[in-house]
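Have a look at this one.
Read from first to last, the chains carry the letters A, B and C; within each, the first residue is number 1.
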Amino acid sequence: MTLEKGVLTSIIGPNGAGKTTLVNLFTGNLPCDSGRLVFDGTEITRLTAHQRVRLGISRSFQITNVFQQMTLAQNLQLPVLARLGRASRPFARPDRDPDVQAEVESLLSDIGLATARDVRAKALPHGDQRLLEIGMAIACRPRLCFLDEPCSGMNPGERAQVQELVRKLTKMRDVTFVIIEHDMDVVFALSDRVIVMHQGSVLAEGKPEAIRNNARVKEIYLGEDVGA
Amino acid sequence: MDGWTTLTKAGRQTRLAAAAWAALAVALLTIPLFGDYVIWLTANMLILALFAVGFNLLFSFTGLLSFGQAGFFAVGGYVCALILLALPSLLLGVIGGVIAAGVVALIIGFLCVRHTEIYFAMLTLAFGMMIHSIIWKWRSVTGGDDGLVGVPRAPLEIPGVLTIEMADLARYYYFVLVLVVLGIFAIWRVVRSSLGLTLQGIRDSESRVTFIGLSVMKYRLIAFTIAGLASGLAGALMVPLGRSASPAIANWTFSAEPVIATLLGGAFTFAGPIVGSFLFYIIKEIVVIFTGYWMMTLGIIVLALVLGFRGGVVSVIQDRLLPLLARRHNDQGGDG
Amino acid sequence: MTFDALVYQGLIGVSLAMYLWLLAAGLTIAFGVLGVVNFAHGSLYMLGGYFAFTFYLTLQMNFWLSLLLAAASGAVIGSIMERFFLRYIYHLDLAYQILLTFGFVLIFADAARIFWGGIPLIPPMPEIFDSTVPIVGRPFPVYNLFVIFVGIAASALLWLLLDKTNWGETVRASASDREMAGALGINIPRLFTIVFAFAAMLAALSGALGTPVRAMTPGIGTSVIIDVFIVTVIGGLGNLPGAFVAALIIGLMKAYGVLLFPDADLFMTYLVMTLVLLFRPKGLLGGR
């Protein structure tokens, strides 16, 4: 499988198709039994997850995985510190570091949660936590960012927000998103390219319109609401 | 579960807490007025407080339960003792003890931090006891089960600058006080730093930390080594106090003391282990008067804490006492 | 070391391994099903030994009866631990469960001191075992052979129980997926109590078996638990066959260590553990 820079790709497929497993393999959460992974000319098959993040691959999680006990600002401070290589400073105060603060503010305003900066993550409503999730994935300044069901559990208004956010971030931060999604509206509205997976392998790929009209794709989705 | 609070919530409580700390400071400074027994007891409390704060960095701020901290305490203590027996410089003894403990912590930590919570607890226990058995067996160096006696309470000497005799218990007490405060302050700074934030991240979600590009193992090792250094300092301070070192300080029942002190005072706070250490000794001194079965009492206390009072004393104060006091003052027409 | 000594000491090692195996089996089963590592497991060994001593010597009961009653007492204590204490904190962080069992270690240590005093206790060897059998031309204590037999019999029974019975299947299912097992109607709380009691029984049995050869002191609980932890780490946590193999390795190391490196024998077990940790962190046979 090839993912192209600058091409916003969605990966879709019925449950159990292996979408999350794929992301786990790409990001290093799961080791490969066979095959090779190459990112921008660099072989990454043997690299650990955190090493891949340093190379520019990040992800968000399907089940919200933020630092629940910390405030929003602190949640974003950590990836920024990590990126700047300042996470191990034993006496430096992160909230007094101007570089860190500037980036955190910019991230907060990007995801639209600037007013909630001092709220603890666990006190945020679900939708805002998902936004934070994306924010943290972006904070690493990735070149390739996997979003695992970013809209899960959200109402239509929130989904629109996520769509907007992804479009905005793609433009502003020069990042290529690869999204796993079930919501077909989002998929077809955002994607430049769609990959359909089925039972562990790629069934079809191409432009959204082509996929929408693909007979085999419709077939495997029989019984599921396409575009509902 | 906030690493950033001391005993505070709102302004009123901040002032109450500040007053409490100030009172504590005054009390600590005037301890020598109360005689040798009280001095000795307080010195032990302070040493345990440092020991427990180091443990708590691992437990509450990194999410690692270690049952082997006594091993590093003992390394610090014995190395200090050996140095003091060879050349009477308190400075070298303490520094030597701390460095030795740190090195040992680094090595053992390297083997332990890659494992999950349960394995980690078991392994730290086993390694702690390994140090115990080395100390027990290596008679020629450590004196075996007799330990090392006659360790001089050497003067604090910076050649050419100053020499302070430490034979006087009160003077040594102040030395302990200063170093314990410095040690605890250093860890306080770490907790509030970028490193501290990272460690708390590991406690909250290791997978998240990995996916922002940090090696969880590396940071656990850093935390483990810091805790080892703190334990080593505590051990190095204790040996000249009693002028002896015994294998009991490497036993896992001794490893349990910072654990229980932290639980008693309140895990997941910074002040908890400190409060708990003082309480621990007070309870011990009282209980020992009535019964020889201190371990059973301690065990019952542990059960009670785990089953009902996991927040420890600090949470009782924070969540129940302080609001009560604040409200009462307001009712009496306080300025608020 | 001659071949004779190899065989002789090897058999001693196997008998030592059997104590460790019974302990490790209990710990592993309890962990597999409940997810808890019982730090008081060694204390249960100690209590089993003390109970056996009381039944056998003080109350002058039959040796076999003493063994059985001691094991049963272990089961009773274990079920009390689980039912009235451990059960209330399963929803909490693992650390608290470990701390709770640690509290019991402290209580049991002093309880032993209260009931049996601090001096080492060692009852006389039961008459039927008070003899030796020539092995490679040297007198080998019959009791050690008995212990080996018990260990192997226990393994067989354990395997039968877990693999061939309905109850065993229930246990293995719950170990594999607690929630699903509960959803299928298995009474998980009661199962937990039974499994924990079973593990405690194995520990107490191990201690009871040891009474004629090993003096009981209140401190023995804490030293035994280290050995069991090392065995478990080497064998892989949750891995029953691994525990057996690891117990054999440690038992043999102790036996040969006493001959070859009399001063460093304690250290040998730590060395093996360190090596396993460095090169096969999940245990020799893999674990959880």
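Everything below uses one rule, namely that a contact is a pair of C-beta atoms (placed from the backbone, for glycine too) under 8 Å apart; a residue touches a chain by one contact, two chains touch by 3 or more.
Computed from a predicted model, the values in this text were never measured in an experiment.
Steps from chain A to chain C, taking the shortest chain of touch contacts, total 2. Closest chain to the protein centre (all Cα atoms averaged), using per-chain Cα means: B. Centre-to-centre, using mean CA coordinates, chain A is 49 Å away from chain C. Chain A and chain B have CA centres that are 42 Å apart.
The centroid of the Cα atoms in chain B and the matching centroid in chain C are 33 Å apart.
Chain A has no residue in contact with two or more other chains.
The part of chain A that touches chain B in the complex is made up of residues 27, 29, 48-50, 53-54, 58-59, 61, 65-70, 74, 77-79, 81-83, 86-94, 97, 136-137, 139-140. Residues 31, 37, 85, 88-89, 92, 94-96, 98-100, 102-111, 113-114, 222, 225-226, 229-230, 232-233, 237, 263-264, 266-267, 270, 273-274, 277-278, 281 of chain C are the ones touching chain B in the complex. Chain B meets chain C in the complex at residues 59, 65, 67, 111-112, 114-115, 117-119, 121-123, 125-127, 129-130, 133-134, 137, 252-253, 256, 259, 263, 293-296, 298-303, 306-307, 310.
Note for the complex: chain B touches chain A at residues 1-2, 189-190, 192-198, 200-201, 203-205, 207-216, 218-219, 222, 226.
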